[in-house]
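Some structures are shown below for you to check.
First chain A sits with chain B, and in the next complex the same chain sits with chain C.
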Partner chain A sequence: MISMEIRKGIKGLFKDSSGLMAFIGFMILIFYIIMAVFAPFISPYNPTQPSGPSLLPPTISHIMGTDNLGYDIFSRLVWGTRMAFAIALIATAIAAVVGIPVGLLVGYVGGKTDRVVTMIMDSVYAFPGLILAIAIAAMLGPGLLNIAFSIAVVYIPTYYRVIRSQVSTVKSELYVDGARAIGAKSSTIIGSYVFPNVLPSTIVIFSMNLADSIMTEAGLSFLGLGIAPPTPDWGYDLAKGQQFILNNDWWMVLFPGIAIITIVLGFSMFAEGLDEYFNPNIGEKR
Partner chain B sequence: MDQEKQTQLLSVRNLKKYFPLKVSWLKAFSKERSYVRAVDDLSFEIKYGETLGLVGESGSGKTTVGRTLIRLESPTDGHILFEDVDLAKISGESLRVKRQHFQMIFQDPMASLNPYMRVGNAIGHPLKIHHIGNKSERKMHVYEILNKVGLPPEEFYNRFPRHLSGGQRQRVVIARAVITSPKFVVADEVTAMLDVSIRSQILKLLIEMKNELGLTYLFITHDLASAKYICDRIAVMYLGKIVEIAKTYDIFKEPLHPYTKILMASVPVPDPKMKTKKFIPTGEIPSPINIPSGCRFHPRCPYATKTCSKIEPELKDVNGRLVACHLYDQNGKN
Partner chain C sequence: MKTYILTRVILSIPMIFILLTIVFVVLRILPGNPVTAMLGPKAPPEVVKSMEAQLGLDKPIIIQFGDYIANILRGNFGDSTVTTLPVIQELEERFPATLELTIFAMIIAVTIGIFFGSTAAYRYGRPVDAIARIYSIFVYSMPVFWLGIMLQLIFGVWLKALPVSGRASPFMTPDNMYTGLYTIDAILNGQWNVLYDSLLHLVLPSVTLGVVISSVFVRMVRSNVLLSLSSQYVISARSRGIKESKVLYAHALKNAMIPILTIMGLQFALLLGGAVLTETTFSWPGIGSYLVERIRYRDFPAIQGAVVFFALFVVVVSILIDIINAWMDPRVRY
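Up next is the complex of A and B:
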């Protein structure tokens, strides 16, 4: 996963001040969230209609310039935030809703079920994420939900693996034996004794996967498998800008690129900070 | 006979618990499976209101006995007659419902409480599971029991286990174990992980609870001093078998089985001048995978004879006590 690499890098950068790291990540996210929520007020032009001459370099009226069709890049960037968040949240939610319960159940039951399901999940996990997403997206066709679903499939195994391995440790804790001894049903044991104890790790994967799915979404849009144009979308804008790069029209690539990088960085830093917060001794293990 | 049966709460017959050793599936075809014989053919009774001590070295299978009795493990073979029900034969829902009548207090109070459950909820959970009382009644009951175990409810009800000390946690665990008024409680090395200063308080609490709620204990320990303090009878376990059962007074006054003698001799005496001839057992307890032939104790026994390595001694009545040793064969016959 890409965000893993990023996390390792930024972790080295911040070392002991993980609080600062989480704070910076959080600030970046707040910035983008405000941008997404107040898009209609922030963006100066309609992002899906030409608002000036085409291929205009950054000026005062178009602070990030315009693209080949005369769309205002800044407006598209602002509206694109919504798309990035929407797809990332939906995809991560689908992955969590499927991956967490399956991991809980399979981890708790163990035995042959565990071996079979883990094998299936591992084979999905071993598959290159973007290629799998491309395959599913190509099958389902464009559209917000379809894209979200094809990204979700890639990230279900991440949840499953983490939850399952956590459950299999928690399962042998004495308090789970204690719960059995007082006559708790398996559903009660999973719900009240196992789940709360594996929950902290899910929160961390959740924010980590948000970063990953934004990357994957941008990748899919870049390859033309994302949202149907002219809906504002960073990956699509990036792909379009790439055609004009030889023309020296650098602004078309630069700004969507910066947006993608910073939001992913924001999520990664936030995830790493959360990780430190919830598992204070995890740094020693690594 | 009938009379005698009525006074018995728990009657264990030929209880066995073997754990299969993990072997690769290729080997599993060619070789016979080997087992860890943690509990090997155990029989004993516990009367109503009695405290039976189960003592022995680590690795003798004490904890496995406790866990098997309350069916955290299913026995390989044998019967566990709990009043009229054979706990070894029931499972699923009927076992789950029955669990309110027998409880276990675990050795490690740090690990036996869910870190995400508040003290009050943890103690009240057994009531909730077995649908005893409504919400406010349950809360009342929890308050009551918190008072009984010496934790002021106002202060402790909403705390998390991580805010409690070891002794306080063990009190919470005891409260949870006795809240359903069980008939039988397995106390597995309850004091082993506690500071010496707190041990006697916890033991006192156990005795109080017993008197108040009419409990019956199986008190598992390797600490002979606390066993002497709390138990009515003591069963000495060695490598998955009981080698001697006797009243606490008798066993401390005159241990019969050589292993019991060694155990007793290992208790330090607070008198620097006293020099007794002590036989310290040589070597470690053998592996329960390859159990010695004949008497299990013969490789370490100072009195071992030829018979000991060949024939396994049965538990026999010696002067009103049960001992499994060939040394007392003649006595038994007389």
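Up next is the complex of A and C:
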């Protein structure tokens, strides 16, 4: 998982200053959230209407230049933030809604069910994620929900693995035995004793997966499997920009790329900080 | 060792079965029928019917699944609806390109990882160490295709030093193909200009993919070498007055290699995902760009074939890595 690696890298870098790291991540995210929410006010032009001459290098009136159709790149970048957040949030939410309950249940039940489900989840996990997402996206066709679903499938095992392994530790804790001894139903035990104890990790994975989803979505739309044009989308804009690099029109590829890198960094740093905050001790184990 | 290899291969059979089932579920059971995907939603019903019959999609789902598994076991991936050639033949033609790209990318990633990672560990807490860590964070949050495009811009457009697409210049392919890997075949044929040309074409794609993957290696090598640098055998090697460079490379690094090798196997799936994007960015004629191309033509047998192929490729590589691991470290063998 991409963000897992970034998280570990960042962790080493900041060592004991996880607060600072979470703060920087948080500021980056706030920056992009403001951009997404206030896109109509921030973007100087309509992102899907020509606003000047085509292939204009960055100037005062078009600070990031224009593309081949005369669309303002900065306006597309601002509106693209919405698409990035929307798809990443929906995808991660779907993955969480499937992965968490399955992980809880299977981890709690254990035994043969555990072995079978874990084997299936591990196989999905071993499958090259992007290729799986490509196959699903190709079958489902374009559309926001379809793209989000293709990405979600790839990340279900991430939730499952973490939740299951935590549940299998938590379920042998004394307080769970205690609950069982006073005759609590399994559903009560899972809901009121096990779940609250694994909740912090799910929040961390959620934030991590947002970073991964943004990367995957950019990849899919770069390959032409994303949202239908001319909806502003960073990956699509990069693919279009690539067609013009032989003319040295660098502004079409530089800016969307920087946007992807910084937003991914923001989510990863934020996730890392959260992890430190929620799990000061167990962070290393994962 | 023989028993180990045999057990490892047998153990991967359920994994292969599950992977094939996943592909089947994705391509046949998910909403989005391959025939409507191929013909578009407005196709007349009788055309859809005959297409379904041609692809065997009118049979019950269980029978379809049986046919699918049986065909894959026989190496029959169906015929492409675009070229009408057997998909397996097209995959065979494209595979060497992907293999060549991934091998070179892996070499680059491992080289960067070993040198950067072990230097960072050796100079723990110093500027080199900080640079190594910043490098791995930034490189990892970079979309591989973006890095590719930027390198094309810098080395292809501004410096005009390197080719930005394809595997070879026109008429610069090896005369006789033995392996399908242009570099190896050029050496076997003694065509040095062809070798030079294919290496030039390999530089940008393999550096792109290699650099993006390298961040994991830098981090892994660094932490493993750090661990072995603080071990007893390094202390004893130092106390015997062995040269520092030898302590680092021959003692610390060598022992850190085994976990690194395992990580290499795990990173392979990521590498293949990156290869699809890299091949598309550089018009590299491998299986990744084949998959993307055929998705545009809605060539269902080709899409299925390429995806199955990637799944099997991952399994084979993970078996190979485990075998190498067992060969290097006798403790792994059962």
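Quick note on the criterion: the second predicted complex is superposed on the first by the 281 of 286 C-alpha atoms of A that agree within 3 Å, B and C clash if a C-alpha of one lies under 4 Å from a C-alpha of the other, contacts with A are read in each partner's own complex, and residues count from 1 in each chain.
Simple rule for what comes next: a contact is a pair of C-beta atoms (placed from the backbone, for glycine too) under 8 Å apart; a residue touches a chain by one contact, two chains touch by 3 or more.
Just so you know, these numbers come straight off a predicted model, no measurement behind them.
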Request  = Report clash or fit for the pair chain B and chain C bound to chain A in the combined superposed model.
outcome  = fit
Remark   = Once aligned on A, the angle formed at the Cα centre of chain A by those of chain B and chain C, in degrees rounded to the nearest 10, is 100
Ask   = Should A:P230 be classified as contacting the first partner (chain B), the second (chain C), both, or neither?
value = neither
Task = Return first, second, both or neither, reflecting whether A:P57 touches chain B, chain C, both chains, or no partner chain.
result = neither
Request  = Tell me which partner A:G219 touches in the superposition: chain B (first), chain C (second), both or neither.
outcome  = second
Message = Of the two partners chain B and chain C, which one touches more residues belonging to chain A?
response = C
Distance of closest approach, chain C and chain B, by C-alpha atoms in Å = 14
Request  = Note which residues of chain A are touching chain C in the complex, please.
outcome  = 2, 5-6, 8-10, 12-13, 119-120, 123-124, 126-132, 134-136, 138-141, 211, 215, 218-219, 222-225, 235, 238-239, 241-242, 245-246, 248, 250, 253-254, 256-257, 260-261, 264-265, 268
Note = Residue positions on chain C within touch of chain A in the complex are 14-15, 18-19, 22-23, 26-27, 30-32, 34, 37, 130, 133-134, 136-138, 140-146, 149-150, 152-153, 156-158, 164, 215-216, 219, 269-270, 272-274, 276-277, 280-281, 291-292, 295-296, 303, 307, 310-311, 314-315, 318
Note = Contacts from chain B onto chain A in the complex sit at residues 67, 70, 72, 96-100, 103-104, 106, 108, 111-117, 125-126, 129-130, 173, 176, 180
Of chain A, residues touching chain B in the complex = 173-175, 177-185, 188, 192-193, 196-197
